[in-house]
Amino acid sequence: MRHLGPAFGPDITFLGVPRLDLGDPSQDAGVVILGAPFDGGTSYRAGARFGPSALRQACYMPHNGTRRSLALGVDALTELRVHDAGDLPCYSGEIEQSIQLIERSVRMTASSGAIPVVLGGDHTIALADMRGIAAHHGFGRIGMLHFDAHPDTGGEERGGPLYGHGKPMRQLIESGAVRGDRFIQFGLRGYWPGPETLRWMAERGMRSYEMSEIGARGLGACLTEAFGLAMDDCDGVFLSVDIDVVDPGHAPGTGTPEPGGLTARELLDAVRRAAYELPVVGLEVVEVAPPYDHADITAILGSRVVLEALSGIARRRLDTAEGRWDPAVPLLQRDLNR
Amino acid sequence: MRHLGPAFGPDITFLGVPRLDLGDPSQDAGVVILGAPFDGGTSYRAGARFGPSALRQACYMPHNGTRRSLALGVDALTELRVHDAGDLPCYSGEIEQSIQLIERSVRMTASSGAIPVVLGGDHTIALADMRGIAAHHGFGRIGMLHFDAHPDTGGEERGGPLYGHGKPMRQLIESGAVRGDRFIQFGLRGYWPGPETLRWMAERGMRSYEMSEIGARGLGACLTEAFGLAMDDCDGVFLSVDIDVVDPGHAPGTGTPEPGGLTARELLDAVRRAAYELPVVGLEVVEVAPPYDHADITAILGSRVVLEALSGIARRRLDTAEGRWDPAVPLLQRDLNR
Amino acid sequence: MRHLGPAFGPDITFLGVPRLDLGDPSQDAGVVILGAPFDGGTSYRAGARFGPSALRQACYMPHNGTRRSLALGVDALTELRVHDAGDLPCYSGEIEQSIQLIERSVRMTASSGAIPVVLGGDHTIALADMRGIAAHHGFGRIGMLHFDAHPDTGGEERGGPLYGHGKPMRQLIESGAVRGDRFIQFGLRGYWPGPETLRWMAERGMRSYEMSEIGARGLGACLTEAFGLAMDDCDGVFLSVDIDVVDPGHAPGTGTPEPGGLTARELLDAVRRAAYELPVVGLEVVEVAPPYDHADITAILGSRVVLEALSGIARRRLDTAEGRWDPAVPLLQRDLNR
Amino acid sequence: MRHLGPAFGPDITFLGVPRLDLGDPSQDAGVVILGAPFDGGTSYRAGARFGPSALRQACYMPHNGTRRSLALGVDALTELRVHDAGDLPCYSGEIEQSIQLIERSVRMTASSGAIPVVLGGDHTIALADMRGIAAHHGFGRIGMLHFDAHPDTGGEERGGPLYGHGKPMRQLIESGAVRGDRFIQFGLRGYWPGPETLRWMAERGMRSYEMSEIGARGLGACLTEAFGLAMDDCDGVFLSVDIDVVDPGHAPGTGTPEPGGLTARELLDAVRRAAYELPVVGLEVVEVAPPYDHADITAILGSRVVLEALSGIARRRLDTAEGRWDPAVPLLQRDLNR
Amino acid sequence: MRHLGPAFGPDITFLGVPRLDLGDPSQDAGVVILGAPFDGGTSYRAGARFGPSALRQACYMPHNGTRRSLALGVDALTELRVHDAGDLPCYSGEIEQSIQLIERSVRMTASSGAIPVVLGGDHTIALADMRGIAAHHGFGRIGMLHFDAHPDTGGEERGGPLYGHGKPMRQLIESGAVRGDRFIQFGLRGYWPGPETLRWMAERGMRSYEMSEIGARGLGACLTEAFGLAMDDCDGVFLSVDIDVVDPGHAPGTGTPEPGGLTARELLDAVRRAAYELPVVGLEVVEVAPPYDHADITAILGSRVVLEALSGIARRRLDTAEGRWDPAVPLLQRDLNR
Amino acid sequence: MRHLGPAFGPDITFLGVPRLDLGDPSQDAGVVILGAPFDGGTSYRAGARFGPSALRQACYMPHNGTRRSLALGVDALTELRVHDAGDLPCYSGEIEQSIQLIERSVRMTASSGAIPVVLGGDHTIALADMRGIAAHHGFGRIGMLHFDAHPDTGGEERGGPLYGHGKPMRQLIESGAVRGDRFIQFGLRGYWPGPETLRWMAERGMRSYEMSEIGARGLGACLTEAFGLAMDDCDGVFLSVDIDVVDPGHAPGTGTPEPGGLTARELLDAVRRAAYELPVVGLEVVEVAPPYDHADITAILGSRVVLEALSGIARRRLDTAEGRWDPAVPLLQRDLNR
């Protein structure tokens, strides 16, 4: 599979990292960016097809393929040898073909030894992303950390499309790609789904942190608890970040905004911590819908989610038991030579 | 009074709940939505006339008259038999007639045994809403929980219009509709009003939680204290939610935005808790001004305020002393069969 | 087929006209509005899925099912017994199923004796709309008047999706639904398609009025010429209006805006004239994409295109050879009792 | 009556012209700007209350009280001694009081010998503006040139508010302030009003140029014809410019946008020509609604309407029969020393 | 001078044309795109620094380095071997250095035999662009066709900055780079400059078509006249297109919008015609200011101005006296094999 | 130096405070507002040139020169005799001249005994502001409290402009105007600068509170610690507030938005507390960029930052050891007669 052209607009890479021909064995990429400009699975507002393009260029700094994290003191883009394979040729009207193509590409990436980072696109692609991961790492061997306002476990209702952004998590668990009891959700709220679906979720042993629980117990405590669950008898975790987990005030550019979410800061902290504390084997950032964005703030946030995750991964690899990152240490006293 | 047509745009109901002919005794509504598309009392930005229309349709889910709360496990729209009576024929240029019409409609609704939920419109309508409530429940018998950046107790200054969104609370207290010492305000901040008005407020025994107090003492503690005050020797509470209590970042679509407010999450939590812990006899959500909104985030927030309040009311009715809702319980372990 | 629920948002009808259960023979509709909230065929910006909802409610007047044309002195909504069948349950990810469903619905409508008016959705639906028309009126019996910045006759290139908004016109001509030499296009411009496609178009005898020809010869003269062509040995015409035929200044809310188009006034005049002078058997208004609109100006324009077409049809039916509408007659001297 | 403070925002004057205390006889103003920040008469979108503030400051050049017209070679602001009296203290909820106040202020201005220029506000104020003019110049002595998408002659329907922006022209004619047969309208279009109102208009002898007539006969010819009509046995004309006469593409910031209008250029040319060829005794620019504007283009257009009118008036005073302004003369050959 | 990196955002080329190292003699470019991301000379709204980036990517078609003009039947990007040298490293705070750098780059480009196309940036750069052109082609040997709402001939006033977007044309003429009597302006209007500057312009023999003259005489006639003037004893023309020559309705994204301008269609027609009829030696498109744009319509328009000019140049080279492009010929009868 | 005219738009003062002729000794201003409408130092989005104009008028209350703080019970505008000297005549293309002019004006203001409050403008002006302060108060005698997402200590890289908004803090420390170990930064985050710069910062003894430290330790504790540091052997502090310290959700209208910042409430609380607890000798509010703002929420926030700082200063002067402001005291029990 060759370097993939862009679906829309100019042929750019994520903040200027090198291009990659997907499947070229001579390239030694540690992380591969894949664009999935697909929004044919949205139940309401489309626009996430422009997510990959927006996420790649939403930054005020030079697009030179480097981004050293101030907090973590590491430039993950170079440290992890991040490459960008371009956009997968998804057509939003062809949902099944798109899912298959994405799944194949993610599996191929994982098999090459690289961590796939998929820029959505709507959340339908989680089905493809995680199936691709499981195909390589083994079914049921990877836990899932899912940040979202919605559980995306729909599907028992009659009628409606076969695939879509409201049901990939059910399909993942039913297929065995992910164990239900290693599927952790953060940020649920609002008015969906109904009791039938919730019962299904409970029966599979899912662990869903709804916002009122997060409010009552604290996000930090919930994360700590969840990290343990996700890694119990698993070999790694996949991070699935639906930008609508964040409150619409901080992330207006999304398809199904639900008030009362995390702040942008809480999401960035949580993603950084997860990536630093857990062995992350893949990441997707989905549902960034530029037509509904303002001043690019949602796209920039999505871009930062990618960078925080990568920086956490990179820092994790560098740190030792004695020399670990501690946010309570003042910035200018953190060991800059690490 | 017949079913009221829409003031603007199509003739729709709140998220698809059944229509109601106001005053038709054969209808058995537990909650009645009333639209008050009036913004003739705004001192700055108008636009709240489109609040009812926006609040009725700002939702990405099917408009099928059901909304089961994920947190509370109850579908208040059906549980409480919520109906929508349409828009009251207010003209923004005719402020006195509008207030009288709204007051009459609220009283008629309350007298029918239903809980009135008024979708504003600007905050001028609080005068009508609460007077209508008091006319039925008795003057001074209902406490007021008022979420707002501004106390809306103006009126001592000379000149200016007789009515408006800056003065209904004074007029309510002066008329005896609400006791000053059962009038609780949350979220005040900024640069209004002046000492004369504050002295008047203090003399009436009002309890106004300014944001620096909320910051210093914590919102939870303030709410607990306030709930006790509001119900002392009262038979119920009226919730008045001016969306500008929320920070403009989360609620830009409003007429007089004042930075430094609650987050959307804090408001939703507070409203849910109030509705669950106190006997709510009415609700108004005001000052949602769609022309200044972005991606409908303010309208969706306002819609969620209505739903959280209704869900809290419904949950309160279902719960018993032993079986009470506890946000610290994980979502999928909450009793779903309640 | 029952009354179709709305795809998105509240269940409304076009400016308040009566609802229709599609296929209920007891209803005597002269015109049937069909919503096709589908944008899975867009090659660039999506959002036209919200076109039907926006077109139905973009009007500042009461949504009471009447709209008397000032210019033509006729209320087409009542005169033509316009009904609205709601939205067809299209899913943007399922392009083939969507096309089939729309085609079936249009044919059923035409067979009932009513004129179908399809609110798009992206221009992919032209394939369904016109095939449905031809299935009833006979293949090759209906001429096509196509207003668009793009000919939408793509398809010879390899790769890419099978269906989409860039190719329906080719598929219509190849299938014989429309004769190539009765296919008239207005408003083409820009940088697409290439010579291969143009040659194909020329070989089919298409007549495409590119903007520089319209500029050189005048729109009026071109229309007169075209009207003759379209009706030569045909029984009627189908009007296909892609809102992007209008300059982006007047119609920003569309998916593939191409500068240098008609003014809004020119389009309204042309549509009115076509509907008045020719036997119109169907209409589609497509590519109104609300996320890119401002102050609803594109949606209102699309709504007016529908109304001008319907008003022209109604006026045509009322006028006699002696008493015909003449725009040069002052408004208040036009015969108001017609 | 003192200098009037601003209704909203800072206390500024139109492009920096001198302030005026309304009624101070010592001031020698030739033109007086009056702000009428009132939108309580709008039937749909409010926001015109910010029209005066936007019209005063929508310009990229220094706000120094001078604006020399490039086309006409005259600085009307100084030539005509334009002063700004500030905003009249209108409250949008108090429609009757507002009308009375505006009428009184316009009459007082006219009586002082100055030309009143009223910055709206919604079109309700035409009732006040023209009545104030007639009170000074004599009932029926001034013709009216009315640019608008709507005739604003409503009022026969039952119910609804007593005053509003849809009915001032009827009230003006019924009161005798303006003769029906000296009331000329340009730019009507769309779907309002109905036959009853049109019949009333015809009976009063009104002359309404609907857009299809303007299209068929040409704007220039219509203007020439109209100018003769308006001045027949009258002493002057009042220009009433509703910005919605312009197509929404050029003027999105308005309350009831109707597609198919004049271009901005056509309006500016028409206003300039009217002011140059006819004895203008007053002007109003209404329905500029900043909340719906984009990049201030509507406000700037409204500001230019004022300036073109004033420049035309000033040029008219300077020109002689032999030395008249001729647009066909190249700019740099026009007599610059006039 | 190497390939120049991008000033802002990703490193892209104009619609995907090949990159160019400025000054590399081995490259055989016929046209060179130069980005001048500079807006330090704006007197009002900045933002034109993002013009180059927006102009390069504002297109819904594949960014594949080809754009075949539908009207002219030629793909200028390949026909003319268009290359993109990237953005010149201008800093908006360093106006003098920026002008020098741009001038040097334009001269170098012209000297290489290529036609420079400069993407602004504010109009200050005209000084650099045309001086660079004159440095190669000879002072006074190239006529200037300047489309703009403003003459940009300021400079006699005291104070203010030395350089800026209001004065380059004066500096060009004073320096002798362009002869005053070969300097043709189209589209002037509004309220600037004053008589002193106009007198200066008249004395230099400039020919400035103000909008009222264009209205009175017709754009076509004015263009024909102007083309003759510009080429009288000159060897070529430079096209300077300030996007604000277009009405703000069609081009809101600019710094100093002046209502009453050309339509987008008129500008595209004029540019195409100029490029087809005259020997164009350079082009600049300036004052596209993305922060004030909506749905990218101004950027797309600017992109089309570049393409129309290039297509006209390419068509001119291909046509012979017998076989010339004629817009009155129907599109599908134009010779497609040329 | 006379009263300075406005750079853009009308000649207004901050919320209506009196004007001031800079340097007129007869005026007894306690605080002087200076506008620095300069954005020539921005590395990405410009627009902050309109910051002063926006900050002066972004308020829904009467612009009458008074603003009594609800929290602090003091009207700082009158209490501190705040005057507005207008805009300094900066041109964004002339960066060095602009810096010199601003520095001179700040020094002159400080020397007059007044506290300068500079409304930016981009952060380049910090160099001028603090140098002007130091020139009066003594080099190294004033500590700096710097709220920002970025340290603005760049400058070691080669190339690039000499001055700009990314480097003033380095230049201030290098010049000795501020001691590095009295330079306190709050809110840093993201991906800039690199290790070389951080090492330079550490070597100068700077104290930079990065967001992850603030999250881990709490903002209150960090502020307390920092206040002690800043005042150690210093005579006062200068507050430098870059609005981008706030999360883009609350402050979208800025040039280089970085997600994960403070909430608006946190910034207002921090500024109020700093001004109340420390001897503030000057303030700047920078990087408010209106073109990227929505519904003016960023401008209003910036305006409130100024007011909170001034209110804190005023309250500090009024309070005694026994009678100090305590936010935990309920609003209506705070001593209103202070």
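A, B, C, D, E and F label the chains in the order they appear, each numbered from 1.
Rule of thumb we're sticking to: a residue touches a chain if its C-beta (ideal position, glycine included) is under 8 Å from a C-beta of that chain, and two chains touch if they have at least 3 such contacts.
Values in this document were obtained by computation on a predicted structure and should not be read as measured data.
Distance from the centre of subunit C peaks at F, each centre being the average of the chain's Cα atoms. With each centre defined as the average position of its C-alpha atoms, the distance from subunit C to subunit D rounds to 37 Å.
Between subunit A and subunit E, the centres computed from C-alpha atoms are 44 Å apart.
Counting partner chains per residue, subunit F has residues 8, 44-45, 60, 247, 249-250, 263, 292, 294 touching two or more of them. If touching chains are joined by edges, the resulting network of the protein chains shown has some other shape, matching none of path, cycle, star or complete graph. Checking each pair of chains for touch leaves A-B, A-C, A-E, A-F, B-C, B-D, B-F, C-D, C-E, D-E, D-F, E-F.
Chain contact summary for the complex, subunit B toward subunit F: residues 43-45, 188-195, 198-199, 201-202, 206-213, 215-217, 247-250, 252-253, 255-261, 263, 292-294.
Within the complex formed with subunit D, the residues of subunit F that make contact are 5-6, 8-13, 16, 56-57, 60, 62-63. On the side of subunit D, the complex with subunit E involves touching residues 60-61, 67-71, 73, 247, 249-251, 263-265, 268-269, 272, 294-297, 300-301, 304, 307, 326-333, 336-337.
Taken in their complex, subunit B has these residues touching subunit D: 8, 39-42, 44-47, 49-50, 89, 91-95, 124, 159-164, 291-292.
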